[in-house]
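Quick heads-up: structures coming right below.
Okay, so chain A shows up in both of these, paired with chain B first and chain C after.
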Partner chain A sequence: MDSKHVSSATIPDHQSSTAEKVIAFLDERLGLKEIQAKMLNEPIPGGSRWAYVFGSVLLFIFIMQAVTGTLLMFYYVPTTDHAYDSTQYIIHNVDYGWFLLSYHFWGSSAMVVCLVAHMSQVFLWGAYKKPRELLWLVGLALFGIVITFGFTGYLLPWDQRAFWATLVGVEILDKTPIIGDFIARFLKGGASPGQMTLSRFFVLHVMILPSALMALAGLHLFLFRVAAPAGPFKGTKEEIKAKTDYFFPRQIWKDIVGMAFVFIGICALALWEPVVLLDKATPDPGEYHPEPEWYFLFYFQLLRLKLFAGQFGQFFGAVALPVAFMILLIALPFFDKDPERNIFKRPIALIAWIATMVVIVLFTIAAIINREFLD
Partner chain B sequence: MAEERESMSPTRIGFGILWPACWTGIPIKAVFAVMIMAMGLVHFEGRFGLAFLMLLASPATIFAAPIIMAMYDTHFGEGIGLALIFGLSIPIDIWALGIVGRTFFLDRLRKEPPHDGLGFAIWWRTAVIGMFFLPLLWWIVSHVTEIGISASHSIAEMESLRHLFHTGLPVAERIGLELTIWGTISLAVLMVLAAVGVSTLGQLIRRMAEHTSPAAENYQGLITRWDLMRVPADQGLMLASLVGIGVVLSLVFWAVLPVTTPHPHECCAKPELALEPVFKPAESLSKTMGRITQLVAQAETIEQQKAQAKDQTDKGKEQTGGGAVSNAHAGTKP
Partner chain C sequence: MLQPKLKSKVRCTDLDIGEVTRVVLDPLSHEISHIVVSMNGSGERQVAMGQVQDVTDDAVQLRAPSADIRALPLFKREDYVTTREVEISHLEDNIHVTPGEVLVPLPDLEKDVKRRTFFMNFTHAIGFLIGLPIAYPILRFLMQPMYTNFDNQWLKVGNVSKIKQEDVGVQFKYKKSVREVYMPEYEVEKNVWILWATPELLEKVYQGKDAEFRDAKGKTIWTNKKDIPYVAFSGKCPHLGCGFKWRQHKTLGQVFLCPCHLSIYDAGGKVLDGPAPRSLDALPLKVSADGEIEIIDMEFKAGMKSQIRIV
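After this line comes the complex of A and B, so read on.
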């Protein structure tokens, strides 16, 4: 009673504004202040870092993809008769349609790049180790969803590039033992890509995958909050303690700058190279040499090696190698039980990461050079 | 720890300042670059990646880029916007080098940063080193790459490799082998030369640090200081200004952004479609009726002309009938 009396006496004229009243009303029912405290007052061991921005940036890119994708759906018609023409209409007739489509196109590439950067950061920081195994596994599932997003979205414009990239991709999936035939038939919906394929890819792209991504991203965030940030992999206890800070405001500021930079980067790419379509999809490739989206180019070039020729070679390259790589990633936190997180004291992990990156870069460039031989 | 700080290599010092400073400045530089791109004042064509690297490292490339373009007849982009972007990046780089430099002095060197002009002092040193060093680096790496490519061609065509396969080295293997050879050589030379350049800058910064006094506070005190250095004095004003600038830039961006595709490529031009005229039944019917009437009149005229012509022919035959036949027979006699 006394304290109330004192406070009302010291601030006699203070009256809550309408906004304050609304916030107080909502807080009483929803516990907003508690949520805010939990969301923003998360301590980050060793303080905020630019290396931690990739998760938030990925969430931002996904939201932007959802917004631009929804706007594109106002004009896009998912039928083999109209998909190509409606995409051309978006590019050439709809106001700023070219920019929305180009942003959406480059946004998908940015998502893959940021995803690889995020996974690399987690791997190099040793942040997949106990107690963050589940966080790593859900992250891998999200990686699969993002790649599938790119694969399904690629077909939608229904030009030669889309048609043949999808055909090559489905043929690779077809080589998977036991389930390959079913997946290929399910995706194609017939002997060759047609209306059923387009419908199924469209439904996957705009309904199933976004729902799955939202659910898993929510789970990923929840697990992140439960396990807490891992912090830096080096530095003395004194240094880490001195730099430890809350999520708000410094990390949020870094995240916002990261998001702005990625947004600007995607805009720049859209302005530099706006999306253009090739000829409408036909079962005859003509002079077009089928190839997948750029982030699959390294793998496409890898499969051109003599090592992966023949029935066994094709199975080895198209199925066994990627499956083994994924199993390795899934099992990583369970066989790497060494608590050491400093990447410079984990030589095998460092060499493996460098080797993977070198293979990706080398074979991507090789695939680009290979175009000259095909032309 | 103190010894480690004293013996920090010039390469680590140079890299420790240049790397974060480049990334601190690039988000702001990128905003201007995008605005200029949207206005159509600059075109990067196939050099987008190279142009980004040049802009990222603009403290070092500010004078070096025009020299490289002039000396080696190459370009990182075309249009007046390129000079504009690099011009705008000067104050941004000075600010970024200043804030990163002060942090580096306190956190890594545990020394009091110079009071005034640290950003400018590091910037002009970096720019001058870049002006002399980068064109030289460009020339050396270009030549090494050329030699590496020709050497890798020769290796790929070696007889011993040809015999490994019946039809010579397959294309994919050949590309991979050649790329690995010349790529490794070029990258190694590039990294060594870049390390030399960064080390030169590091030596200059170390000399600057030698004239400064050690920081008095303990580690916690230093961290608090460098942390507060990055926090604006009036956070509300800073936030309001940033939001205001963001809104203005967004409006300007949408105002200057082309409504339709800015440069449709020659290979994939929009197919020209002729619009069908709107169908108006009454107009079409009357037009058709008029056309039919006109055609009927034309047909009648033609019929009349034919009939007249036939009459004239018949009359002519009647007048010259026997003579013509006897003349024809006469013509066939031997």
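After this line comes the complex of A and C, so read on.
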């Protein structure tokens, strides 16, 4: 078919500018205009929505994490005798170092928040169902990577919070049957945390995880484009078709506004609650009460339950429960084959989601209340 | 019914009105929804497939007379994009609008290649042969610092004169020299809880037996005698490895409390409450004539019923 139909039929007196010539040169060699058209002209069934911004926002947050993270590496030194001091130097001496570090810190929280929103949405909209199973699986892998990012990231400042959260986290992994001891030693680079641990976490955080995330995010987008967006679960085909528009301009506009909001939010948090390091890490916690990052608090509180006491209870809570939860999520599109996507007609899914969220919120609150009793 | 082809003649009930210039696909059903007819040069018209009565190899027969088709609005190209400019997956999969196949000749060298499967498998085999020999070195490279021997040297931690009261947990800090890989030896600060124990507490801790400490081969390194009135507990909580403290508890009195997951132990190290799977880990301890305390620094795997030494 003739695609050159609308291309500006050469107007005789028109002298093309240098920029146009460059674009024409590149287009001839790369087919840029076709790629651009293909990227932007993606039909969104039922039309653009504010609810669809989270995927793009996550990509934006990741890019900003990569930018700020790379900048931090200009001063940060990943050794036990310099990590803490170089981080303090970034906070107190380097111009805007406090800001970039705080942005990176709050950016990670924003990522977890948007990720949970994104996943909840896909779950509630039933968008993981056929033919989007692979999209969901790659999404779960990305979820794992983001959590590991958080976990490896906060060891790096080598302060008390970093040290203890890592110590407990690795002890939890150690409870995995058969391979637990190997994993724990592998991550720690020995029997107790030290320089080898810091080196390993650093390499994971700045090399392995970013490349894994980029590769999988690319695959995620590719699968998304192949499967096409799921669209709303309500409405007839005709209604959905009538409201359909392309990714550009309305959805891109919503996405960029969403990114701006998240950017402003992260900046505001970085300004109001800039990162403050605790004392330098030592194997003696002193008066510090170890606690993980806020998004792990519910799990931390969960492990305090009597239900998870003793060796078996601990295995149950620290390993079996999260693994079972992940397996459930992985298996979800394969046993939930009912094509019904309307969440109000999927009572089990709705109740399960609400229950999960209630447990997370309640246990987070419980962990915060518990703080008072410790002081 | 066949699919309408490009360049096919379009016939109305009365006369020929031109040929098919384009086809329009429905993005939802992925079927042809309209054909565009040239109208012999008098402006293209878009005709719904519902109007099509029959399709043959080279002609499309419409149900309507030519006047009805001419009365349709002019086809507006700007309302459409080509399938190359839009991302609708599998859109063209079941559409055959091209008048015949488009072919590319095979290169001469490709024409009589036999054993394609052999070449494919051979490529994989060579890939494995490259990967396999480096997999083990990579694993060993990464595992190098993972397993080290235990360090059984005695470390001075302080003097018993610091302990004023019996059966009360007192924290002693000490420095341990650590040597990691290539690095010069450095010191880390650790801590141990030591109690001056009453005979009742000693009975609770030792249950009438001396406590033996063995190395990996089962050889006894040291024996804590049950009548020495001092007990040392490793500073690492046996639940998940946090550092615990000696605290006043509302109902349980003075206890060891771990602020992480709220395990509570009595002065003898026994679990009173919380998720801990075993008692606090007693360490080898000796007290010299002038009251100097020495211990062997040991760490045990947290979260297990039994003690498994890792440091």
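The criterion applied here is as follows: the second predicted complex is superposed on the first by the 364 of 375 C-alpha atoms of A that agree within 3 Å, B and C clash if a C-alpha of one lies under 4 Å from a C-alpha of the other, contacts with A are read in each partner's own complex, and residues count from 1 in each chain.
What we mean here is this: contacts are C-beta pairs under 8 Å (C-beta built on N, C-alpha and C of every residue); 3 or more make two chains touch, one makes a residue touch a chain.
The structure presented is a predicted model; accordingly, all values stated were derived computationally and were not measured.
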Fit or clash between chain C and chain B when superposed on chain A: fit
Chain B versus chain C, judged by how many residues of chain A each one touches: C
Computed vertex angle (chain A) for partners chain B and chain C, CA, steps of 10°: 130
Touched partner set for A:Phe222, first chain B, second chain C, both or neither: neither
Touching partner for A:Leu277 - first (chain B), second (chain C), both, neither: first
Contacts of A:Phe334 with chain B and chain C, given as first, second, both or neither: neither
First (chain B), second (chain C), both or neither touched by A:Lys306: both
Touched partner set for A:Phe74, first chain B, second chain C, both or neither: neither
Closest approach of chain C to chain B (Cα atoms, Å): 7
Common ground on chain A, meaning residues reached by chain C in one complex and by chain B in the other: 304-306, 370
Contact footprint of chain A on chain B as seen in their complex: 23, 26-27, 30-31, 33-34, 37-38, 44, 48, 165, 170-173, 175-176, 179-180, 183, 219-220, 223, 253, 257-265, 267-268, 270-271
Residues of chain A defined as touching chain C within the complex: 1-3, 5-6, 34, 37-39, 41-43, 80-81, 164, 167-168, 171-172, 174-175, 181-182, 185-186, 188-192, 194-196, 225-228, 237, 241, 244, 246, 282-286, 289-291, 300, 303-306, 308-311, 313-315, 317-318, 370, 374
Contacting residues of chain A [partner chain B, same complex]: 50, 88, 91-93, 95-96, 98-99, 238-239, 242-243, 257, 260-261, 264-265, 267-269, 271-274, 276-278, 301, 304-306, 362-363, 365-366, 369-370, 373
Touch list for chain C against partner chain A, complex: 22, 27-28, 77-78, 81-89, 97, 142-143, 145-148, 173, 178, 180-181, 183, 186, 188-191, 235, 239-243, 259-262, 274-278, 299, 301-305, 310-311
